[in-house]
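Each of the next two complexes has chain A plus one more chain, namely chain B in the first and chain C in the second.
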Partner chain A sequence: MSVAAMPSRPVRKRLLEANPSVAWFLAILALFCLGVTALAEATGTGALSTSMIKTLGKTLCLCLVALAMDVVWGYQGILSLGHMAFFGLGGYAIGMWLMYARTEIIVAESLAEAAIPPTPAEIEDAIATQIFGVVGSDQFPAIWAFADSLVLQLAMVVAVPGLLALVFGWLAFRSRVTGVYLSILTQAMTLALSLYLFQNDSGLRGNNGLSGLQNLPGLDAVDQATVSIAFFYASAAALAAGYLLFAWVTSGKMGSVIRAIRDDEARVRFLGYHVESYKLFVFTLTAVVAGIAGALYYPQAGIINPAELAPIASIYLAVWVAIGGRGRLYGAVIGAAFVSLLSSWFTGGGAPDVDLGVYTIRWTDWWLVLLGVSFVLTTLYAPKGLGGLIDVIEARRARRRVGDYGPDKGALRREEGPPQ
Partner chain B sequence: MTTLLEVSGVSVTFDGFRAIDNLSIQIGEPELRAVIGPNGAGKTTFMDIVTGKTRPDTGRVTWGERSISLLGLSESAIAREGIGRKFQKPTVFEAQSVRDNLAMSLRNDRAPWKVLVWRETEADAARIAEVAEEIGLTAHLARPAGELSHGQKQWLEIGMLLAQEPRLLLVDEPAAGMTPAEREHTTDLLKRIAATRAVVVVEHDMEFVRRLGCKVTVLHEGSVLAEGSIDHVTADRQVIDVYLGR
Partner chain C sequence: MLLRFLRTLLLVLLAVPTAGAAETLQDILQRHADEVADPGRRTVGPVIEDLVASGLPGVPSFLTAWSAREVVQRPGDGLFFVAEETGDDRLTLRDVATGEALATDVPEDTVEEVRPNGGVRRVIGTALVQFQLADPDPEVRRDAVQALSRSLEPDQIAPLERSIPGESDPALKARKEQLLAYLQARYGATTEARVAALDSLAGDLSVETRAVLNQVLDTEFRIAETPPEGPRVARVLTPGEDISREEAHAAIVEAGRAAAGPTPGEVKAALEANIAGGRVGGVPVAQLSSEAARARAYAALAEAGTVPPLVSPAQIEAALERHSFFEEYTETDAEVIAAAARALASTEVNVGLNQGLDLGLDALSLASIYFLAAIGLAITFGVMGVINMAHGEFIMMGAYTGYVVQLVIPDYTLSLVVALPLAFAVTFGAGVALERLVIRWLYHRPLETLLATFGVSIMLQQLAKNIFGTQARPLTAPGWLDGSLVVNDIVSISYIRIAIFVMALIFLAVLLVVLNRTRLGLEVRAVTQNPGMAASMGIDPDRINMLTFGLGSGIAGIAGVAIGLYAKVTSEMGQDYIVQSFMTVVVGGVGNVWGTLAGAGLIGIFQKSVEWLNPSNTLAAQTYMVLFIVLFIQIRPRGIVALRGRAAEA
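Up next, the complex of A and B:
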């Protein structure tokens, strides 16, 4: 209608054309949200418990970080085994504000009864003692300087993972570290970060981590049923936005160049593209999205501790994407949702034990073995993962539509003559 | 004809083996130059040095009116300076369509943020159509490059080179795996391009080189053995001994 609306239309159209999965994905996600709304305690019949809503909301966040993983691995070809570090950092960044602001309210309430009004310094000390008492400190570490500001901590959600990825990526890509060496380097990064956070003097409460994150400061009157559905919606919105963002990045010429780098980076250099800049862009962008996913995840989980940044977490992430099917965005979402939900079912004791007479298979112990075997089998026999099933369905539909009359590949080959 | 590329006194050693030995070559603009020599003479390594893939131990490589040194530049920066390269083994992006392969090579801004918001203009579309016509792949634009025949991949790679509009084209054994008709078309095309640009062609096939009708440089053990017209070099005693007389 308006002139301003004109140029954006073809872009949107092309995005949908190049990536038909976008419309499908958004439709399915919307349906899922409607279903959950109808069944949630706060908005519907209450058939789904609050903890179930939280599990679903957390799963959406895991889908978002899996999308990021798919872009950096499946499209850009960097097998990063450190993206859960960025996820964890996003969680810590928002957790600092949640913990600070809530403790501040509690401290203010308890000091209000004192005869002499407390000075700001006294309030500050009381908050510090509350938060850092468990690690034997009553001082705020320097990294908590902005913890009283929601806006600044939200900026940290983006800035901390972004900066770490930028510096790490710059050092690694500049020296042209690739392949398995790069993967090991990313593992070393997340391991180092996790070990550092485990220390009591890391400034983030050592192995206690940050807790009570499900309680939103100043919103004590709002029950968890409402909070959980709000976070569920926020997670769904973030996942939708992430899907659109990555569909845009991986389509068009950018998608072309990054897939070309994945397949033959030396050749792309001779076309004049500065390969390292592209890798750095994708690595940093996906790290930022991982951070945002983490910032939505941990308030629903309620607690974050350094174990969340352990190397194994990032390996699981790669396993989800591999099982779901890398190199296609919906594959990552399917993999993360399917495997993480299945995982909590098995490890949560949901799966019945199998009595073999001589031995009882307890899934809480054997689930990891099952996951490992599935991973190996997928990698060997179904490299397209669960997402590959969509290809099978599409191929069947296409066959039914076209019949046997169209030219097959052999017919096309016969037409290839010498260029005229 | 002014000098566009000057390689002087360049040497490269791989694990003690001297692949390029005090090599000096000048290429003018416009010029068509054929480089011949037996296997292992250092022809591909010469291209590796010019395009920044291999750093020489000694010597200078200068480029353009201002004689800037290419030795400090990265591969991508050298390509952006206007040096395009076709590899001996055709390397196209097989998973992507012919059209995407060409679009990626077009002479547009290569910075990530520019590429992110890039949208094909009419000029771009016209250029892709023109190149596709030139390389005879108009009917195959939508096909994945991996489905093309060997000869067609060679053509696509030449097309990607054309789309870049470089000032200097380095073409490594373009006619390998081509039919006689395709070879003839290749010589015509190279000659046409060389009317306005510098083109260096490495080729084994003497007939092919003869048809190019240009100055020939014979490489042997990493340095220039002879240089001149095809008749001049084929009459050269040393050339006959090491190369033609085998």
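Up next, the complex of A and C:
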């Protein structure tokens, strides 16, 4: 790309130097993992139940998809209302293998008791009947062709959301659809996808979705406590890797171009950059990461159905990122973790009812009202979100300094020196 | 028994002399006394024929009473009466012909009830039809015609034909003629009569006519060794194309022309049953996990004679080669077949045309709903470059306003008259409040308006859920909007949809007048095109924004009442329309009434067409629609009617 074509290379800082938040983030994540390890059922005292570990693991996956959303929206200015669809597609891709492999084991066990050994075709038919009986079919649809291979399905986790994002993004960006139009269009894509998956003949079991994903094939002997902590580690590792990847993408020259596209697309185009390629790259990359996050999320959730892909899910993703703070990676993580955990606390009946005398506020009913109001207020009065609090801390620490370096330390000129 | 016979004989002898003069109903009954008292389905015919042939006025009422099991026989003299229960097992006996009460307070056990069984009652009913068809009371005639239309029988032709000339009611007469045509077409005595009747049915749209034509053209699957010929062959079936090879072979087997051969399931069962020492037919059990090994084992078993032999593919092939498969008309008359096929073809063309018309009406009605739902959104988006995600919730708010008004005002017409302006007022207020409190702070951040209004949307939705509950609330249309305008059996449209269409037209007209003929409209258009310049000309863009937003929201409220009339009012109803509205705006282009109209029309037609092509699946229609829109904006990224100005740069 144009980065390589530049004749004189400007000062390039090391990644960690340019993004002090990376080190902080990794340290906090590591501490968190250590804490969870110490308290988990399988590895420590057992103070945290298995379902709690699963919730934390799922939250880490949500943080990862929020990171992706933050890059595409906060850094590049595309308010995508389709990233939860990519997330769901990743979940479906891994779910197909989990379901197939597990059903294969069950079917093989039941057929082994027959007097004569089954033929491969019989095994296949039995699996198909087992999986698709619920939608009145006994044939494998074409899209299940690779379901018997973990490697290929893992490739699908990356390829399906990636290809969809690539094609959709190419069509949308090349016709210069931007801003609100683009948001609506991504929402339409999400809606179309979820409606398609709701059909029984979509080949993915219609509104039944894929279930039993928490049972890993061949690992029946391993208890769920161990499985949950393993997935927790995997999610944490993926989040850390995602953070590093996106810190790298958004820093340096590439990051500057991406942010410039957000701030004034036409100007960047006039400067000679091929805006569409940058947008397409970021859109596709974030879609792939969203797919990976989904592939880690749904084995912990145990079930995926088309409702998970509904447009509302993607809007909530935007809400998390907005509340956490756009344009900063840790903001997305904070937002996703904070809002999703708070949401499950409120809707799960964890929050105590407020008795007003004439009326009792039940948070299961009023949580969404509270979320809506606080969301409007965040947008109006705190566009930086919760992440803005960190700015307040930093500003206090650096109070004696003169002048404003701007939000992006990567954009500092050489003579300004490194910020403290 | 002997006694009864003698008595009957005596009565018959007594009756004979009077038969020549004026035979009464009772006389005829006595002549057939045994049959009347204990009728059988096959033997009751002559009795009824005699009764009908006598032409006596009391016959219909007697037949009715007979069929209703109200006739009794007095054992003493064998006379028949119509009995009427007067309570306490007491009966009043009336004359069979005149209905005159002959004896009252007769104990029930002194007479014998005549109890015709179901088969006899059907025969009596058929005989009654001809009386009913000519009955002076039009109600009775109508019931008779309806009963006749439910079961068309050949013997109804004559009575029906006889009753037509005397029919005074034109509607009934037309119906009778139609039924006669059906009867003639199916059971007419001569080929000419049938062909004439079939020709008269050509092009008729009714489901009944199509059913009659299809019954005439009923076919039957046949197998023959010689290739079929002649007019009765409806269709020759080629195995592997029109009929699967398995089915074709099964048909041959069923006809006893080939050996069945075991099914895969039977093969497996046979293998399982013949395991001997870990082997089947010499093949070790463990190796039986492939089709080839199983075939080998089975062949070995068949050779030993323990199981019936397999039918080889070559044998199946030969059997299929030897036979022809075809569908044959059950009708034998070639001319009738040709006439029926002609009539059906012309009917089908007509049906297709009318279905197209019906589809067009459906699409128009859907388009008017989308137009109502989207026009408010299009105006606000056009003028302010702001997408209001809470637009759907304003639709819901309007519908709930209508519901609340109906709680207060029970008269549905009046409540609708009140609800429409009130819904406008409520949502206008809500829109202005939203604009003042939230949106005006975010004009330079359009994407964040999207988010903030989304926050408002989830809040309003949950509030509605908390107030009105999660179950659907009714918004009842006034009685004069019930029912449908039925043009024929295929084309019909409900009055509510017509009302919504009219409402959409009124809105279109009002908006066009407001935008093109008023000061406000001029200012709105000015701000749409260039807000900076408009402000320099003394227009207050702030005020215009507020009013426009209020107007757009108010229209959503009215759309909500309209939609609520035919759909359920729930807290989530807005969500069903919001995406469609966005699509309409995207396709149509923003800030222009005509653009929205075109967008709504395009989407309505497209959606209905897809539903028509794939009627089993309305979800697929939505999927294809989104795909269509994504491709459409490749051609026209700014919608059908593109706009220059602030929105064009958003």
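Here, the second predicted complex is superposed on the first by the 386 of 420 C-alpha atoms of A that agree within 3 Å, B and C clash if a C-alpha of one lies under 4 Å from a C-alpha of the other, contacts with A are read in each partner's own complex, and residues count from 1 in each chain.
The criterion applied here is as follows: contacts are C-beta pairs under 8 Å (C-beta built on N, C-alpha and C of every residue); 3 or more make two chains touch, one makes a residue touch a chain.
Only a predicted model underlies this, so the values are computations on that prediction, with no experimental measurement involved.
In the superposition on chain A, A:Lys384 makes contact with neither chain B nor chain C.
When the two structures are aligned on the shared chain, A:Leu171 is found in touch with chain C, with no touch to chain B.
Once the two complexes are laid over each other on the shared chain, residue contacts for A:Val369 go to chain C alone; chain B is not touched. Number of chain A residues touched is higher for C, counting chain B against chain C. In the superposition on chain A, contact is made by A:Gly179 with chain C only, not with chain B. Residue contacts after overlaying the shared chain place A:Val275 against chain B, while chain C stays out of touching range. When the two complexes are overlaid on their common chain A, residue A:Arg259 makes contact with chain B while staying clear of chain C. Once the two complexes are overlaid on chain A, none of the chain A residues touched by chain B in the first is touched by chain C in the second.
Chain B makes touch with chain A in their complex at residues 51, 53, 74-77, 79-80, 84-85, 87, 91, 93-96, 100, 103-105, 110-112, 115-116, 118-119, 135-137, 139-140, 143, 147-149, 151-152, 155, 160, 164, 179, 181-182, 185. By the touch criterion stated above, chain A contacts chain B in their complex at residues 10-11, 249, 252-254, 256-257, 259-260, 263-264, 266-267, 269-275, 277-278, 281, 409, 412-413, 415-416, 418-420. Residue ranges of chain A in contact with chain C, taken from their complex: 77, 79, 114-121, 168, 171-172, 174-181, 183-185, 187-189, 191-193, 195-196, 198-199, 201, 311-312, 315, 318-319, 322, 365-369, 371-376, 379-380, 383.
On the side of chain C, the complex with chain A involves touching residues 268, 271-272, 275, 280, 285-286, 288-291, 294, 381, 385, 387, 438, 441-442, 445-448, 450-452, 454-463, 465-466, 575, 579, 582-583, 586, 617, 619-620, 622-623, 625-627, 629-631, 633-634, 637, 650.
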